[in-house]
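Next come two complexes built around chain A: one with chain B, the other with chain C.
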Partner chain A sequence: MAIPRYNGRFGKAQAERLLWRAGFGPRQGEAERLAKLGLDGAVRSLTRPGPEKLVGPAPKDDKGRPLAPIDAYGHDHLWWLDRMVRTSRPLAERMTLVWHDWFATSNAGVGSQRLMLQQNGLLRRHALGSFKELLLEITVDPAMLLWLSGTENSRRSPNENYARELMELFTLGEGNGYTERDVREQARALTGWRYTWRRGAGATDFRFDRERHDPGQKVVFGRRGTFDWRDACNLCLQHPRHPRFVVEKLWSAFVPVPPDDATRAELERLYRADHRVRPVLEAVLAHPALYTGPRMVKPPVVYLAGLLRGLGRGIDTASWVWLGGMAGQRLFYPPDVAGWDDTRWLDTATFRGRWALANYALGPYSLSDRKGPTVPNDPEAIVKGALKVLGEPTIRPATRALLLRFARSSLAGAKTGWKAKAYPPLVANAVRQLLATSPDYQTS
Partner chain B sequence: MRTATLLAGLVAAVALAGGQAQGAAPQRVQVTEDEWSLVLSRQRLRPGVALVEVFNIGQDAHDLVLRRNAKGAASVSVPKLDHFMRKTVRLKLVAGSYTLWCSLPRHRERGMVATLRVR
Partner chain C sequence: MARCCSDYTRTALIRRGVAEAGRGLPAIEPGMPVPAGSGLSRRDFVARSLGLALAVYGGGSLLPDAFEEGIEAAAAADPQGRVLVSVFLDGGADSLSMLFPAEDPVYRALRPRLALPGDQGTPFAEDARLRWHPSLGGLATLHAEGKLSVAPGIGYTTPNQSHFTSRHYYEVGATSVRARTGWLGRYLDRVGRPDNPLQGLSLDNRLQPALATARLPTAAIDGPDRYDFWTRGVWGEVADRMLAAMRDLGSLPHGGDAGLAVAADAALQSHRLYGQLLPFKPKEGSTGIPSPVPYPVSEDAFPRRLAGLAAMLAAGLPVRVVALRAPGMYDTHDSQPGELAESLQLTADSLLAFQRDLEARGLADRVLVHVWSEFGRRAKENGSDGTDHGAAGIGLLLGSRVAGRLIGEFPGLQKLDEQGNLRATSDFRGLYCALLEQWLGADAEAIVPGARSFRQPQLLRA
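Presenting the complex of A and B:
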């Protein structure tokens, strides 16, 4: 059975949703251009992009200095946010974020921005490629080895940390087809990794050391052998429950409701062939559920990157670091090994962060009666202006009507005198803020 | 040896840099403090102005002293930082080898010491 494919109208609104779900939202005019490619062309432009071009002003800190992602706190976050804002390969960058959440490694446990950025490069290299290769490489990635105790796992003192998460979080799901004995045996298979500690430089020269590896017989998922770390990964990849885990987790990154059984089975079949992610993504991004299903809350960093893309603004302040934390998403610091909890994106605490993100993003575009263009004392024009500044996002008629009502009531007492001049820019600023924080803009 | 304060460092080869020179952005290095290590984001810098960010990721408080390994060289010190606090100092570094350490009792002996080369 073929996987269902969306065959409704693919216009600006659908292209916009695709760009938000599979990237970081449209730049000015980008949704219209994507819509002209049709569904297949649009999806392929995302899943098979050309070489990366970073478009827009180079990132800088508040003093106009270039970023130092390895050497300055928070600049790692700014560096990646800049990639999200300026990339010409939005899906590859979005998948890098998906993998960061999937293999959630935190610098809180690694203590090295250099190693975190090295892992980030690994995730980007495999963003649209093979899950098998990604799993094998991330298993022995230095940041991961530090984060999940891989270098503390030796034949004399096995550590189950990575073995447990390998199955629970990365490949099978909690309690899904493995036992506590499998965890212990997988830990033995994963033994052997170490590093050299150099004073001043920290952990370096990560390598496999046979002396630390347990070469004995192990029994994993009922299979017997002298397994090593590669086998530990491959055994998970060959586990009959693995394809379903990957497909459901990938799907949930793009669609907020589970796939129907037939779709899921077909996606599993696609994935099972060779563990490639691209064919699965192409099927998910063309599926009717993405275009006709419920709206999805944008993760904070996606919301911000999209705001900046829509505004045409580059990275020019380090405020995005603490504001990102306030909104619930500090890059390179997921809250725990399970990654970010999507149900927290719009709670009463993190919404305040989102409000502040919008406020800071719109700050440089703020209007007043003392500077900038004259704002007409016209509610319609003010709402139109707000939409234009944010890159003409599609909003529901009801939302537009609410913004208009707000503008009308705010300007009602400002027909004459100083208020006639002073109020319109203030109301325009407020309408922009309300639009950027509206349910229509917070979700896609 | 008595550790000089930040201001006293002005008189020596390690000096707090004044206003930003026009042109190239200053070099940067991050010094991560933990129990019991100091890790530098890079071990080598060029002579000139540098922003040194001290970041305490340990559980305990730590300070930092930086001194060029030369006779008569004064020290620059960064006051004690609590867990997850950080402080950036702007220094003018001349060529040479510098030792960095935490001066709290027994912290250096436990491993909180590192070398930075400037050339």
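Presenting the complex of A and C:
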């Protein structure tokens, strides 16, 4: 049986949701353009994009200098944020973020922006490709080897760190079809990797060293063999519980409620064929649950990248680094190997972080009665203007009415005197800030 | 800005990750200890009744509501409980500059460029050889009032000169690389409550390893005065209306949409917390939280964290042990004079303000401050206007109840160890035992390994 496909109206609002879920929100006019392609055309434009074109001003720091993502503190974050803002392949970039969250590696444990960016390139290369190739490469990726003790895992002193997460977090799910003995045996299979520490350069020359590998018999998932690291990965990929784990986790990155059984079974079938994720993504992105189900809270970096895309603003300040931390998402520093908790993005601390993000994003567009265009003393025009600055996001009528009420009551006592001139820009700035932090805009 | 050594940088980098990550740390040196607190999970909640946004470490499966009740109950059970505040001078503070042997020709010979002029700073009343660093006037004042005890040569046998390892020893209260709990954490595990995370308070964005417990919860808070919704180009009554509209947006019906409900709740709760924290908000034109005494004005969080702590204690919060970092970077391999003076000035002035604040609030008899660093620095200066890692260093105890007497004598420069470092004249574990038994009323033997083998100084005035 075929997977259900959304067959309702595919207009600007639906295209807008698709761009937020499968990318980083629309640029000005982008949702309308995407809607014209229809559902299938829109989905395929995301899953089968052309070559990367970076659109918009090149990124720079506060002094106008180019970024130094390998060397300068925080420029790793800025460099990736810029890709999110300027990319012409939003889904590929979004999937890179999904994989970063999936194989969550933190530079707090790696200590090298160079190795983190190298891993980031790996994730991007496989963004829309084969999970199998991705898993094999990330298993021996230098940053991952450092992060999960892969280079401390040797025949003499096995370290179970990667073996456990390989099954618990990356391919099967906690306690799902493996035993503690499988963890120990997989750890033995994964032995053999090492690096050389060079003063000045740090960890270099990551390599497989036969001397450190345990070549003996292992028993994993009841199968016997002289397994090595490739076998360790393949055993997980062939595990009968693996396809379900992958499609459910992938689904949850785009749709906040679990798939029905029939849909899930079909997605598994699509995935099982050859471990490719593109067919799964195409099915998920055309599924009715994405368009008719509840809204999702935008991850903080998605929220910010989308704000900047809507505003048409490039990366021009390093403030995004600490503000990202405040909002609960510093790229390359997930809280632990389980990644960010996508069900708990918003609390009183991170809400304030998002408020600050919006405030800084809107900063250069801030209005005053001393400079810039005159703001009319007209509540309706002020609300319209705020929507325009942010790229015409779709909001609920009740939200629009509330913003209008706020503008009206704030200007009520400002018909004459100094307030008549001073208040309209204050109110306009406030409406923009309220719009950008409204429940409507925080979710998609 | 002085450069610090690469070991220091890596230490800082890795330690940032540990309390939250705890897993998969790369070894940066052979036998490197895993920092205390590794593997403790973190979650955030808001103690609503008290208006505090806390990050809680450990604490099993208790719900935030249980913590809120626990905090209330703990406050009611022991309103006059004693408090110990641990202040860390990060990087290895140069004790030979903090209290310098002004007239000693060996000092001038070892430090031809860095030796402080003999007429600067205040003489140290307990030892005629020594003078206070000119930036430590605040400490000199407290010492003159009998509110400061100095351990001028604190350390341990077979000193380790790695930032990472030596700091770890001080944090866990043992010269063991395997210990995973902090010495104050073990104290809390013995006497604390399962439902009061405020009992161990890291005044930082993250857990301080000395407070790492094995089973009971502790909390981290940056400060109670930092919760605002500043918006560029919006002020006055429009700003007030804007915050009301933020609340109203959160109150709009969400039609059962779970995503909208989460975003709406966040707006509502944030607005409520904002209201609850208004009493801690700085007054117009002031930078700190409302305090009866002035604190130094600084970009650094230290003075405002101390001011916040005094306000929290005055509000009756059941805080027992506190840990925070002093301002500045003490790993002064080069450009030591300017860098060190600045760090010391802000640290000492803030600590003096904190003591005055506690006195003004009538809390001074309940609080004792312990200042420590992972080691002192080499007696001989290096070739780049700095000093390298040493062994014995300085420890300080501040408070209205302290004896105000030397803990061990100044070791002097005549008998340095084979690496040219100061020899220890007191052991940090003896000081810890004394703090546990004489100040906190706990059994040191259950907390500090080999407790009975260390001599306990007399800490409190009779």
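Observations on the structure shown:
FYI, the second predicted complex is superposed on the first by the 444 of 444 C-alpha atoms of A that agree within 3 Å, B and C clash if a C-alpha of one lies under 4 Å from a C-alpha of the other, contacts with A are read in each partner's own complex, and residues count from 1 in each chain.
The rule we apply is simple: a residue touches a chain if its C-beta (ideal position, glycine included) is under 8 Å from a C-beta of that chain, and two chains touch if they have at least 3 such contacts.
Note that the structure is a prediction, hence the values are computed from the model and not measured.
Of the two partner chains placed around the shared chain by superposition, chain B is the only one that A:113 touches, whereas chain C remains out of contact.
By the touch criterion defined above, A:186 reaches neither chain B nor chain C.
Of the two partners chain B and chain C, more residues of chain A are touched by C. Of the two partner chains, neither chain B nor chain C is touched by A:96.
When both complexes are overlaid on chain A, the residue A:346 reaches chain C alone and has no touch with chain B.
In the overlay built on the shared chain, the residue A:336 is in contact with chain C alone; chain B does not reach it.
When the shared chain is aligned, chain B comes close enough to touch A:72, but chain C does not. In the superposition on chain A, A:409 makes contact with chain C only, while chain B stays out of contact range.
Of the residues of chain A, those at positions 108, 111 touch chain B in one of the two structures and chain C in the other.
By the touch rule above, chain B contacts chain A in their complex via residues 20, 25-26, 28-30, 32, 34, 37-43, 51, 53, 55, 57, 86, 88, 100, 111, 113-116. Remark: chain C residues 10, 13-14, 16-18, 20-28, 42, 44-46, 53, 227, 229-239, 241-242, 245-246, 248-250, 252-254, 257-260, 262-267, 269-270, 273 touch chain A in the complex. Those residues of chain A that touch chain B in the shared complex are 63, 65-66, 68, 70-73, 108, 111-114, 197, 199-202. By the touch criterion given at the top, residues 106, 108-111, 146-149, 151-152, 161, 203, 256, 294-297, 333, 335-337, 345-352, 355-356, 359, 362-363, 366-368, 396, 398-399, 402-403, 406, 409-410, 423, 425-427, 429-430, 433-434, 437-440, 442-443 of chain A touch chain C in their complex.
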